[in-house]
Structures are given as structure tokens and as C-alpha cells.
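Can you read through this structure? Questions will come right after.
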Amino acid sequence: ISSKKINIEYTNKGFQFSTPDKNFALHIESRFQFRFSTPYDQNPVIFDDFNTERSTGFNINRARLKIGGNAYKPWLKYYMQYDLANNRLLDLRVMIERWQFFNVQIGQFKTHFGRERYISSGKQQMMDRSIINRPFTIDMQQGVEFYGRVFPKTLADFTYHISVLTGTGRGAKANDDNHLMYIGRLQWNMFGRELKMSGSDVSFHEKPTGLLAFAASTNRGSFTRFSSSGGGQLEGFVNTESGQFHTNQALLETAFKYRGFSWQHESHIKEINDYVTHSSQTLTGFYVQAGYFLSNIIDFVPENLEMAGVFANYNPDVDIKNNLQKEYGLAFNYFFQEHRNKLSMEVTHFSYDYPESFNQNEWRFRLQWDISF
Amino acid sequence: ISSKKINIEYTNKGFQFSTPDKNFALHIESRFQFRFSTPYDQNPVIFDDFNTERSTGFNINRARLKIGGNAYKPWLKYYMQYDLANNRLLDLRVMIERWQFFNVQIGQFKTHFGRERYISSGKQQMMDRSIINRPFTIDMQQGVEFYGRVFPKTLADFTYHISVLTGTGRGAKANDDNHLMYIGRLQWNMFGRELKMSGSDVSFHEKPTGLLAFAASTNRGSFTRFSSSGGGQLEGFVNTESGQFHTNQALLETAFKYRGFSWQHESHIKEINDYVTHSSQTLTGFYVQAGYFLSNIIDFVPENLEMAGVFANYNPDVDIKNNLQKEYGLAFNYFFQEHRNKLSMEVTHFSYDYPESFNQNEWRFRLQWDISF
Amino acid sequence: ISSKKINIEYTNKGFQFSTPDKNFALHIESRFQFRFSTPYDQNPVIFDDFNTERSTGFNINRARLKIGGNAYKPWLKYYMQYDLANNRLLDLRVMIERWQFFNVQIGQFKTHFGRERYISSGKQQMMDRSIINRPFTIDMQQGVEFYGRVFPKTLADFTYHISVLTGTGRGAKANDDNHLMYIGRLQWNMFGRELKMSGSDVSFHEKPTGLLAFAASTNRGSFTRFSSSGGGQLEGFVNTESGQFHTNQALLETAFKYRGFSWQHESHIKEINDYVTHSSQTLTGFYVQAGYFLSNIIDFVPENLEMAGVFANYNPDVDIKNNLQKEYGLAFNYFFQEHRNKLSMEVTHFSYDYPESFNQNEWRFRLQWDISF
């Protein structure tokens, strides 16, 4: 394996080097995301978060180094993503993508479960995922995923994903118990075209493109939630034994894009069984999100300006009444160069009910620049 | 955005890739700094530091990976610097440098306050910054900086920097309170030529080049000092509330280079008001530093050998008498390839007074190799 | 130093950029190692490890980014290796390799002591080092190493390594006391050919190639063992003072490769003197390891399949009877592209004696894919 003649290009994955036979390729890309927020940045989670001191400020919200390519064969791909701001490894995976209908990836990756979480933070329509992401995401896991697209361009055009995972979250060095996590997702590409995992219709789909997906997951382990920090606990859960929680989840997802208009929605349900306290809790939530390039209908609006809105609704425990958390968001995105260089402005309103207390409300304003090189 | 023809060069920023239209460029560079020190490496800070066990040793003092370039436009630049030895992100910034008189940078960066701290550790004349750096530096911060040079090559040739910063130091994820940090710096390029932020006259200035600068800073927050580790406390300060300290600082700086001779000096004053203890403390300090390539006047001295010296004086509390800390340093630098490959030898003497105790003295010897690729 | 014409190649160190005069070169390579293990991954260390809950799982065992090359001169080389999975810097060194008989390296590196530890985890024959690695390895250290090969291709063909090190392990920022660590290694290249530091005879040596080596080390410090995590303590040792332990070690090593057959062996002895408890302990251990490409003698065996076995024996304290720890391992390696892309399967049996308790036994199965790009 040695090649003296190398092709170099600048692509939308950064500078790329490849051998003439395409057997080896390497691309390197960085992404910076700067954010100004007031009166604070993070979504409120609990009652007290509304009362904390205001902390208007500017920060580096995301800083990523991405290296990917292929080796030995064009279909043997690799990808890694390092979070420079938090010093942690995100993606690290090898993909065997030889046939469209059957592919395998192995390593650490975002599992194909819900669309909102799967879409990279650099290709989102809103500045952050909605409040239902925290309780329902399965986030990054280590393991194996089988996936493919069958009967393309027909009425039965489906994309499937089946994962077997250690189920202990990003960065775990070992399983906490002897149980694995299983996830399945079936997506119907209803118009015979596959919709990419990306927010906003920046590529202006000339033909309607949409999907309807169903996904489910089961796991027994020590965690009740996952994030980029790894496994953790939702409010009210305390872990004292390994393998304490048995969690089942399901979601229904729709998404659609057409001529500058984009829509996406997810409805989630999650049941957590606690083998220590012998109790069970059911959580539900959904969001609906839509965006449009108004220049399509209003002349004086700049061509690259999109307006988008989201409404999310989260019920942390269906057995408790008067316990809803709501998020209303409105965003304006200006795309200098599609998702690779964009400026976003967002106003969000949070309205949380508390069963034994009064309702809490708050506004938040954020300004963000996301740029990839 | 895609280009098939890429130019590659080796430059003094490492290997560099660029598109023919210069709209995209990427350079990658590493820097290693190895150091042998006896009887210890770090500057003493408090009385007890003089009595600790000696720990002669060799270590990797600095290890940096630097990636920079421009994207979309020649004037839209980016830069990041990662500290491999300590696993932390240092610089991460985007610069809009379209006009000489008005530029903006955004992200995390060393603020333009004092020269000693701003000069990269790879371009210093002495092996480390003097003892006054610890109490007075504002170090890296997150925010926005506006800067430019006006009336170039005239008698009124000025360089200005104005920064609005979160004020919580390197690596902070959020502001600790609702107050921002403000910094201003005005530099008079007295000979109509701008002196670079670099120690030692390695480029042998044929014409005298100098500056006179004044800078000031104000901040309210939880910290009384900053370093590459982020915000921290000076001796005698304890933080119990957010926004506890109101800190005002000012400095006067001079620097000059001419035919192998280099001079630089800073005088600092810093006032810390504590809103919890209702007390106030004033700190002062200065250093003077000079170097010369003796081969200019003595024949047998190697051409690339510089001799340099520093004297620093720090008063941690102007209200307490007999409380001065002094540093005397003498260094020899051999420049194999200017600052990119150099060997340094340094002898330092510390003499610290303590109001209720005897005076402490100590010698230190260090040898260092700094190399960039 | 600037060059406009750069050569690019894909080599077995990844993509490589170099100037036409060969004075500057940079190569960049990644290595991922994925592992499935049951009932657990790590070697047992103490009695209780046999009783812990089983944790079958998949994980990213190793993820490395490697950047190397040379600068200013072809013989001034640099290398760094970053452990992405654990966020730590491993190698960071500069090598002056001007003559075969005398070279110097400076920085942080794996010391040349024993073969098993020195061989990169990506070029091993077994999936991990044996149980004697943990107590006897000196691992990565910071300092200086002098090395060379004298009288090549004669009967007196020797390779030597002499190191002076801080002796506080990987990642240490300073020495813990004023004592340095000293290591010497003398290797007789008995057939006048030097055997590379790599497991398995993947390059099919047509001529017998072997070595006989002796190494010794002495250090006084705070640690009784070293690993990639830095300094630590063996079971039964507690550190309360700096410079508490005086450790002397020695090893005898043999290795041999010929036409697909490979052999290696190390015998270790280590004496730890504790200046606090005024006690002394002697540890001994050895392993023997061999492998063969059976396709040489059996037709139907795939050409790239190797079978290998190891037996290791560790005595944590020679003064205590009935105290032996034994490891028996059997591995099958399939080399897609020599060590750069290989699949390994391994079965291991552990049998540990405990003086005041019964004997413990356990089986372990592991599957691993190691790939470099």
C-alpha cells in the first residue's frame, strides 16, 4: 500500500486527499460555533433553574475537529469527531458500506433513533434541540449498527437501522452489567426519495420529499438518560445498583421538505422500570417544527433568510396532573453558505407547570454563528 | 464550494494548503518545548514554596497543535491552538480582517492587554514570563475584540484594541454573573512602524521600531486572577459569592528594537474591591527586559546567540511595607531557525520579602529546547 | 524556510507531505481498535476481580492520532501520539538520528526496556500484553535516551539504549523528588540482522533473525508501578512520602523469527525497597510466546491466518509460597493488510493461587478489529 500520486480537493468536508484508485482518502474539517445568550444559555430543567442569577454572556458553544475518509477500499469508511471545547471523543466509527441495502457500522456513534438528535448540531434549524431531547434521546453509544435502504424509488422505499449496543453511553470503557441495548428503526421514504438528516430546506427540494418513521428501543442498565457526557439520571431517579433500570422507548416521526418549506415532528413515549424501588414511570413528549424561506413569496426578503418555529411539550410523569413543560421557539437563520456558514437568531419562551407550585415562565434570546472550514 | 486544484507549501506556519483563488487555506503546525530544571521549575509564589523539596527533572513543558487558515474569503480567518500536554483548548477564534483600520475577532483568545503575556510562549526572550505575570495577566478570555491600525506610517500611527468579554477566563462555559469585562489598549507606533508581538530582535531591525502603549481593564466577577487554567484566586482572596470582586487594572508599556537590540517594559497597577468583605487591595508591579546579539560588537561570538536579562518587581499589597518580591534573570538564546528552533539557558534569582518573617532567596537553572514544525 | 513544491504520498504511516529536499516531512495516521469481550475485558489483578459481575460488552479499546515527520534536516525527526479515547498525550518526542551508532531522543516515550511493552498495541501478536506487564513495565517516561547499533552485520552486532529519565511516568509535570531514573539495555543481534519491535512474522523472514537482550533499571521515587495512566502502586504498597521506594529491575529477553514462525520471551525480576516501612519485596515473572502461519505446512489454511499462544507466570512475592498467577492464551490473527488491518480472536485462561484462600480460575473470550489509516 503506497501511492505516489495524490489528488487534493477542497470539498464540503474540508480539504480532502485521495489516492487515484479511490482506495484511500482523508478529509479534515473544523467547526466552530459561537453564541451570545441572555439571560442564560441552557434550557431550564427544574423549578430552581428559573430562579438562578442571570448570566448574560458569550461563549464557544461548540468546537469540533472532524477527520474522515476511507481506507483499503472505497467502501471501507472511517470517521471521527473530537469535541475540542470539552475534550471528549464523539464519533469514532468504521463503516462497511458496500451495498445500498445492507451496511454495517461499528464503534461509537449517534444511534439512529430520533431525527432531532441525529441531525448534527451544525445542521439544525433551531439553535438547539427542544426540551424533549434531554429525557428521550439515546444519544451516542458503542456497538454495532446494521442499516440499508430497500426497494428504492418505489412505493415500498424503506430505510432500516438495527443496533446492538453496550448501552452505557458515550465514553464508557465497559458495560455496567451483562445486558445489551437493542434499537430498531424503520423509515418509509413515502415519495421514493430519501430525506437527508439535515434541518431547513437549504437545497430547495423541487420535488416533495418526506418520511414516516417508527423506532423502538429496550435496555437494562444503570442509566435513565444519555447525553454527550455519557450516561446520567433523569430527575427523581437514583442509581444504587448496576442493571437497576429497565427502559423501553418508542417514537413516531414525520419529516417533509418542499421548495423551501421544511417540517419535522417526533412523538415519544418512555417507560422506566426500577428494579430497586419496584416502581415504574411513563414519560411522554413531542415537538413540531417548521420553517420556510419567505423570499419565495415576499420579494424584499433576502434569499438566504429562513424563518422557523418549534413547539415542544414534555410530560415527565403521565400519572401526575398539571405537570406539563412547554417550549415555544422562533428562529431566523441567514445562510451565508448553507449550513457551513450561518448566522442564527432565536427567541424562546419556556412555560413549565409544577404540580405543587405555581407556573414558571421565562424568555430567552440567543445569537449564534456556526462556521465550518 | 469545491476546488480541484490545491496549492501546497511549507511555510513558517507549517504545511499549508490553499485553493488557487485564496478563498480557502489551511495550515497545520506543532510546537514542542522540552525543559530541564533544577532545583525546580515553577516560580515561587508563597513563602512555603522556597522550602519544598528540590525536584530536579526533565519535562515536556509545552506541546501544542495549531490549525489555522481562512475560509470563504481571504479576510475571514480562523485559528485554533490545542494544548496537548494539558488537554485543553487555548485559542479558538474567527477573525474578520478586511481593512487595516477596523477588524473584529470573536471566540476565545489572549486579550491584547500587556505585551509580556501576549507574546506566544514560543516567541519569548526569557524562558517564562516574569513573576508579575501571575497577578496582572488577564490571559485568555471569551468574547469579541475590535482592533485596527490608524494613520499608518505617520507620527500619529496608532494601534487600538477594544474588547468586550465574558470575563470568566479560558474554558468557561458560562458567565458567573451578569457583568461583562471591558478592556481597551492604545499603542503609539512612535516611528511609524508597528513592532510585532515577539521577543528578541531575531529579524535584525535596520530601522528603530518602538511603541508606547497604555491599557486599562475593568471587570466584576468571581475571580481575582486568570491563567491558562481559567479563573482563580490570588493569595489572600476567597470567593464565596458570584460577582464578589470588582477589579480595575491599568498598564504602561514600552518596547523597542534596533539592530539586534531589544527592550521591553511594563508597569502595572491593579485594584481589587471585595463586595463581601468590603475591603480593597492595590497591587503594583513592573519588569524591564533587554537583550542583544553580542556578535554585532564581538567577533568571536556566534551570530545567532543572544544574551538577555530581566528584572521584575512585584508588590502584592501597597499598604504593607517590607513586602517586595524580586526576580533577576539572565538568559542565553541560540536561534537555530529564529524562534522556530531555539535552545535557551537561563539562570534566575528570586528574592522575596515577607513582612513578618525573614527574606527568602533562591537560585534556579533551566535549559530549554523549543521547536516548531 | 519555505518551499512551494510539496510531494504527497500514501505510505504505511498514512498520508505524507514532504519538501523536495526531504528537510521537512509530515505524516498523519489514525488507528482504531474495537473489541468485544465476555465475560469482561481487563485481566484480573486481585482475588475480588474474579467475583465481579460479568459485563459482556463492546467498546472502543484504542483510538489514536499519530503525527510524525522531520523538520529542518532529514535526521531531525519528531513524533507524537495522542490517545483520543482517554484524552491523553502518549508519545511526544524529537529524535536526532544522524548516525546509526549514536542517536538521541528527548521527550516522552516508551522506554526501551522489555519487548512486550515496547511493541505497539497495534503490532502485537496477542490482543493484550500478558499479566506480567502490569508489575514489571516501566512504560512511558519523560527524559533523554541515547541509542545506536554498533558493528552491524557482524557477530558482534549490538543495539544499545541508555536512558536518563525523570521517573515519574507519563504525563507528570515535575519530578516528585530529586532522584532520576536510569535504564540500560543491551541487545545482541545474533545473526547480524536487527529484529523489528513487532509481533508475528507477517513479513515472512527468509533468513533466521533473532536477539538476546539484557536490561536493567534503577529508580527512587513515589511509585511502584507505571502504566499509560502514569505512576501508581502495586497491590500492598502505600505511598506516604516522596522518594519512598527504591526499585531495581532486570530482565532477560529472547526473540526470533523465521519463515512465518515467531518466538519471544522475557524473564523479569524486580526488587522494591520501602524507606518508610523499612521492608523489601522481590517479584519475579516470565512469559513465553510463539506463533506460526499454518498455511506454510497445511494447504487449506488461509495464507494470512496466524495461530499464536502465550504462557505467563507471575510471582508477586517470592517470600510467600503458593502465590503464583498463571495466564494461558491462544489467539488467531487474520491479517487483511499486515498489522494495519487485522482481526483477532483470543481465548484466555487465568489461574491464580492465593496463599490463604482457594485457587481462582476463569475463561475469557475476546474478538478484536484493529485498523490504521
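Lettered A, B and C in written order, each chain numbered from 1.
Please note the rule applied: a contact is a pair of C-beta atoms (placed from the backbone, for glycine too) under 8 Å apart; a residue touches a chain by one contact, two chains touch by 3 or more.
In this text the structure is predicted, and so the values were computed from the model without any measurement.
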(request) Answer with same or different: of all residue numbers used at the interface between chain A and chain B, are over half used by both copies? (result) different
(request) Fit chain A to chain C on CA atoms, both being copies of the same sequence, and give the resulting rotation angle in degrees, nearest 5. (result) 120
(message) With centres defined as the mean C-alpha position, give me the chain A-chain B separation in Å.
(response) 40
(request) Hunt down the residues of chain A that sit against at least two other chains at once, touch-wise. (result) 8, 87
(message) Considering only the defined contacts, which chain C positions touch chain A in the complex?
(response) 7-12, 14-15, 28, 30, 32, 34, 39-42, 53-60, 63, 65, 84-85, 87, 336-337, 340-341, 369, 371-373
(message) Under the definition above, what is the set of chain C residues touching chain B in their complex?
(response) 1-4, 6, 8, 17, 19, 24, 26, 67, 69, 71-72, 78, 80, 82, 87-89, 92, 94, 106-108, 142-144, 164-166, 168, 172-178, 180, 242
